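Each of the next two complexes has chain A plus one other chain: chain B in the first, chain C in the second.
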Partner chain A sequence: MASTATDPGKPRPPGTGSQESSAPSQPTRRGVELVMLAFAAVIVTSALTLVSINQNSQPTTQILYYGLAFLALFGLAHLAVRRWAPYSDPLLLPLVAFLNGIGLVLIHRVDLGNAAEAARTGRTFNAAAPSQVIYTALGLVLFVLLLAFISDHRSLAKYAYTCGLTGLVALALPAVLPSVIAPSINGAKLWIRLGPLSFQPAEFAKILLLVFFAAFLVSKRELFTTAGRRFLGIDFPRARDLAPVLVAWAASIGIVVLERDLGTSLLFFGIVLVMIYIATERAVWIMIGLSLFAFGCALAYPLFNHLQQRVDVWLNPLTSESGYQLRKALFGMATGGIGGSGLGGGYPSIVPYAESDFILITAAEELGLLGLAVLLLVYMLVTTRGLRVALAARDSFGKLLAGGVSFAVALQVFVVAGGVTGLIPLTGLTTPFLAAGGSSLVGNYMLVALLMRISDSTRRPQQPSKPRPQQPPIAEAHTELVERPR
Partner chain B sequence: MNKPLRRVATAMMAMIVLLLANATYVQVIRADELRSQPGNKRTLYAEYSTPRGQLIADGKLIAGSEPTGDKQFKYKRVYSDGPVYAPATGYYSFIYGSSGVENAEREVLNGNADSLALNRLRGMLTGRDKQGGNVELTLDPRMQRTAYQQLADDGVRGSVVALNPSNGEILAMASSPSYDPNRLATLSSEKQQQAWEELSDAPHDPMINRATSTLYPPGSTFKLITAAAALETGDYDYDTPVTAASSIELPNSDATLPNYGNSTCGSMPTAPLWEAMARSCNTAFAEIAGDVGEEKLRETAREFGFGQKINIPMSVAPSSLGEIEGPAPLYQTGIGQRDVRMTPMQNAMVAAAIANDGELMKPHLVSKTLAPDMSVLERTEPERMGQAVPEDISHTIRDMMVKAEQYAGDEGKITGVQIASKTGTAQHGEGKDPHGWYVAFAPAENPKIAVAAVVEDGGNVGANATGSKIAAPVARAVIRAGLQGGG
Partner chain C sequence: MSELVIQLTRVGFLALLWLFVLAALRVVRSDLRSASGLKVPVPGSEKKASGKQPRTAPKSKSPRQLVVTEGALAGTRITLEGRPIMIGRADDSTLVLDDDYASTRHARLSMQGQDWYVEDLGSTNGTYLDRAKVSGPTKVPVGTPIRIGKTVIELRS
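What follows is the complex of A and B.
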């Protein structure tokens, strides 16, 4: 397993040798990261310039300052990575910086459209870009703090049950709180509002539950792999071993019923399933999970009007009465065509939530199919880099956590992008790093920090001198497994 | 755990591929279909971001584009004398679409027409914004204004159409009540909606272009067609004696058909055909219709344009004789009652064909389309629809119409100009005041203008209204405006 970490085929990039390292044979590749960050900054600054030209025809030098500030912000994060995670994957940070930056430009662009609309109709509106900048900074601060304070991801496993409990509570919180604190926004009860602050606890619950499941599944792997009955050539697990899956399923149903949020429910259930599958290597769990999912859908569909509505909109976006959101989104995409209208040249504000849920439509209209494809491929790069980290991880917990985190991002992108483009029924989820929304942005930076922490440990040279009496039990379990005779 | 991880990687890539395939489907394969969906505002926004071409009539600006300073709607449509020209211009609204010439010539006006491809290319190379082409209308502003004011100032409902008989140019096309298309061109959607609702709910459909869309019973003006059919059979000429009875019995029926006011057609038992026309004797023309037969009557009407699809460029509702079941309805059809329905445009075409030696020219509203720099893109060539009646017969009918003018009242008479005309007073239901018609051309010997005017429901006169009382003065004023330039 560990052999995949070194990547001997790649030449050592220049400029990385200066990094002090206890094992000079292992390049840290931090120089690549910096160059790629600068590249992302150039693209983002150019994008902002285009918006400015197309909207005001007067690009100011201020844009240059914005670009430099962007680079400085991520430069600081880069320095923190050099300090605390020097061996981590060099592409993750530039990739998410690119997504975050393009997201900021798109949000700013939608702000301009909304401002013009507001000026015409006399309504008020709040620009989303300034707060998104603050959330970016906040996200990066938490990213750095996570790297600085968690020097070994395996230490997280010790708090697995704490994480699990806190995560569940956070997930359930908006549902049980009175609507003064947890208002129902667009039909979903997902938010907690404290004075001027509002956040989505589900975004943080996701991280906590990922940690919990990774630790739980690694420690209880035996349980899941114990064969029950063999039926139709498939080993079915024992009935009592189904409990965790059933709990996850029940929780997902609970989210749909109590918080009316299909997206989050789908996301959590999918993550749990895939993590069980990765941990046990048995596809039967996926089958069981999908059957449960289908059963749950069949159960919930006739009972909940909003589910029926969603499906109707999905099947008939052009004619369905409540399908105006998707209809407008499809119009935007079609008008964008292959090349798009150019940044600042389209009318993304026509689509509701063009800066948050529908930000991919904003991209599709102004950057066209090509721009949308680039964004989706960057997501694919981020998530496959994450899986590379998982493949290379030296311990089972890290492997499972990295796999879970990567899949969580991928699934979220699929659910939201598929929803807004009419591939699957529309559910309210934020597009990671791109969409306006503080909780999501901060949460996703924490996920990337976890990935980079695990990645750092996979490529960090082993220090044989270092005694490991305090090795967590998880790693031992892993050692045991490898050595187990088959 | 690496095997499932690799499978998850494959699944993730499959998800991205699915998303890309779907995006390609929406943005490339279905793009055209979605772009042209009626609810798609972006197509309109794109139109509002370039100056829309002008509508011009005889050098007068009727509809233009004004910059607004707004970012989404950079230009606004502005109409001068909106209600006067509304039947021709139509409206241009970002909520309700467009109508009239605004709709029919939209490709030229928004700059997307094939004929403007070179201009677009030039604009692209020089970095100039796309500009719409202009459309010049055939309308004569003086006649158009007179036509509208004659109706609107009296507060009557109706329509006037004036044609140039020799080439089919529409010189005036008025409809009353009318509306101001500026109200639908405002950039506030609330105001647009409010205007639309008001206009839709307003009595008597002000947004309808009566000239081309409203089908009226033509009354006695239809006798021109009955006469043409009769003359074409060869059995009738200018002096052929026809019945002068004050009333006749309808065949296979115990109902009678009287003359107007139950009067006889002159003092003799028979009257010459010209006198029957001049005095508009119902009994004579009912019998003539019965004599020439349904088939001949239909054929002649068709040659004058009945039942034909005409686009001026807006489509004109086809006029028709309706079902004619048996001889009694045929008698009534011959005097323009029963189920005969005509648009004012069609009636103007009848007058125009007779004026133009029997040759019917296709009516048209657009004289030419122009590039943004006013160079001519396309000129509308006069189009012949056919020979409605032989030349000599057209002259016979003209002579009868000159006689008819002597019986058509004096109000608004123009000294020194001989008008050939036919009036009509059309009943259209119990208890309703009749519609008054007047179709004419002038000067009779060298026709320059053919006109049809209809005033609905007795105008301001009520039950005693006749075509000569309520419609003739309107049409004569329009003719005067065209011939003498007077208002």
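What follows is the complex of A and C.
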């Protein structure tokens, strides 16, 4: 804590701060960030050590190297933050690093379980942890690039419609491409495969659409609240003002429903709803949205077979025919209890997809309620830091974008955690930063980069505005003859 | 490895996890007091700098924060530090308004001695200090609303 750049309590004599370089009045708090990153690295290293001890293998010095590599990777990201966004929030990067590191250890742990199972039955399996490490590095590279190339988040607003269009195209791509490039995995056509690389365009479309919605709502907000028609005590905006939002919204949800990915469509629905709410400050939008949602559910329920299946599993996990996964998950959590079985001491790999969709169950079994609560608290901290960035933002676009991004993280965690614990029907969304899944990890790092960029602009001391050339009053100006441009 | 050691490492690791959360909460607490995180009065460091205390806490009338009370940016706080504050639709303003009734460079707040003065920069719709239209540099008392388009700001101490 001692390295907190400048002494925060020190007052600055008023009136002397004409030059920014001479008086760095705000602490950048990058020292705090480094300390917290080191703390996260220590936790991840000891988690890895515990896994190997409990799996009855002697801990080697290699684990230490892994820990150091983790620290080095995030240290580089930290240096990039120091260089390009020195005033950004000091907590976001360490919290995300913590989640990512714990996720890596849990995925590695499930890999070990799967490897033992595969050795017993004589099948082959692919370890998920190595590719997740590569995606972590890739995500951090994109994080740094985004910070380096976007020096002001407001410049993104200029490309709003481009972003919106690209986002929709990216979202539609897997549905229209032939199944050689876009294979259908588990009944959902979400992936694009190019040689060894496969990714989910929806994760990147999410970022682009967030930018579009934020910029669009900022430019049209006035019209929403003033030019509407009053009906039942509610101001409804004119259809033509709302049209682009409705089109984008319906298209994104329609595409996703056609691709049979209900989780993502729920996410888009929620994000747009909350962004309209933040922009207009009318609670009635939430009500309209929720009733639309209920209506949509009632409409879709008899039509989609796998929706009925999900609801059945949710209501009767123990007796339902396809409830095997959730059943195992519930028993896994019960085994974990309050304190968990200790890292490497349980049998999380019994649950299918224990390294991706059900990674929270892996955490709950091995770390118990206490450990799961830590993960959820860290997610809460990420969200509150993001909302705080939104509160402090000095421009509407940044406010709306930061609010949308932090809500997206919160909603995703709620849908996943609620789904795997049996609170709500299960939908396929990834746990941000924790679950195995490259596109989601990389996409989420890009979202955090945007948050850090906005946060940097809110805390950065104001530069004295550029001296403008003094123009004489118009009355004193000479009349000039100017040749008319042809 | 004996069973006891394994149980101890299990508990120890959970404790480590909670320590991480507590450390993060400590960082959160240290900048709770200012909404935008501009000033960071850490409780511990205030005592260290107690020699300079009269400067930090002049509980007098000199304003220390600019608060947006109405309009799209309501709730935003900016800590005053002596630099002039530009308000308008221009991207490099301190407070960037997205308001059809605000001009690109609408108004400026600047400090003279201990007082803050508001000055209209030739805006189309004018700047109002508590209902009176601002024509020249006008002194802004603490807590008096300044209306710019649909936005209302005031200084707080």
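The rule is simple: the second predicted complex is superposed on the first by the 411 of 486 C-alpha atoms of A that agree within 3 Å, B and C clash if a C-alpha of one lies under 4 Å from a C-alpha of the other, contacts with A are read in each partner's own complex, and residues count from 1 in each chain.
The rule is simple: contacts are C-beta pairs under 8 Å (C-beta built on N, C-alpha and C of every residue); 3 or more make two chains touch, one makes a residue touch a chain.
These figures come from a predicted structure and were not determined experimentally.
For A:310, decide between first (touching chain B), second (touching chain C), both and neither.
neither
Check the contacts made with chain A and report whether chain B or chain C touches more of its residues.
After superposition, C is the partner touching more of chain A.
If we overlay the two complexes on their shared chain A, which of chain B and chain C does A:368 touch? Say first, second, both or neither.
Both partners, chain B and chain C.
Once the shared chain is lined up, is A:383 touching chain B (first), chain C (second), both, or neither of them?
In the superposition, A:383 touches chain B alone.
Pick one for A:343: touches chain B only (first), chain C only (second), both, or neither.
Touch partner of A:343: chain C, not chain B.
Quick one: classify A:458 as touching chain B (first), chain C (second), both or neither.
Touch partner of A:458: chain C, not chain B.
Which partner does A:399 reach: the first (chain B), the second (chain C), both, or neither?
both
Tell me which partner A:421 touches in the superposition: chain B (first), chain C (second), both or neither.
The answer is first: A:421 touches chain B but not chain C.
For A:391 in the superposed arrangement: first (chain B), second (chain C), both or neither?
Both partners.
For A:278, using the defined touch cut-off, is the partner it touches chain B, chain C, both, or neither? Pick first, second, both or neither.
A:278: touches chain B, not chain C.
Residue by residue on chain A, keep only those touching chain B in one complex and chain C in the other, then list them.
Residues 368, 377, 384, 391, 396, 399, which sit in both footprints.
How about chain C: which of its residues touch chain A in the complex?
Those in contact with chain A are residues 1, 6-7, 9-11, 13-14, 16-21, 23-25, 27-28, 31, 35-42, 45-46, 48-49, 52, 55-56, 72-73, 75-78, 81-86, 91-96, 98-100, 111, 114.
What residues on chain A touch chain B, complex-wise?
Its residues touching chain B are 1, 55, 113, 116-117, 120-121, 274, 277-279, 281, 318, 327, 330-338, 346-347, 350, 364, 368-369, 372-373, 376-377, 379-380, 383-384, 387, 390-391, 396, 399-400, 403, 406-407, 410-411, 413-414, 417-418, 421-423.
Contact residues on chain B for chain A in the complex?
1-6, 8-9, 12-13, 15-16, 18-20, 22-24, 26-28, 30-35, 37, 39-43, 45, 70-72, 187-188
Okay, in this complex, where on chain A does chain C touch?
Touch list, chain A to chain C: 4, 7-18, 25-27, 29, 32, 36, 39-40, 42-43, 46-47, 50, 53-54, 89-91, 94-95, 98, 152, 154, 218-219, 221-222, 339-340, 342-343, 345, 367-368, 370-371, 374, 377-378, 381, 384-385, 388, 391-397, 399, 458-459, 461-466.
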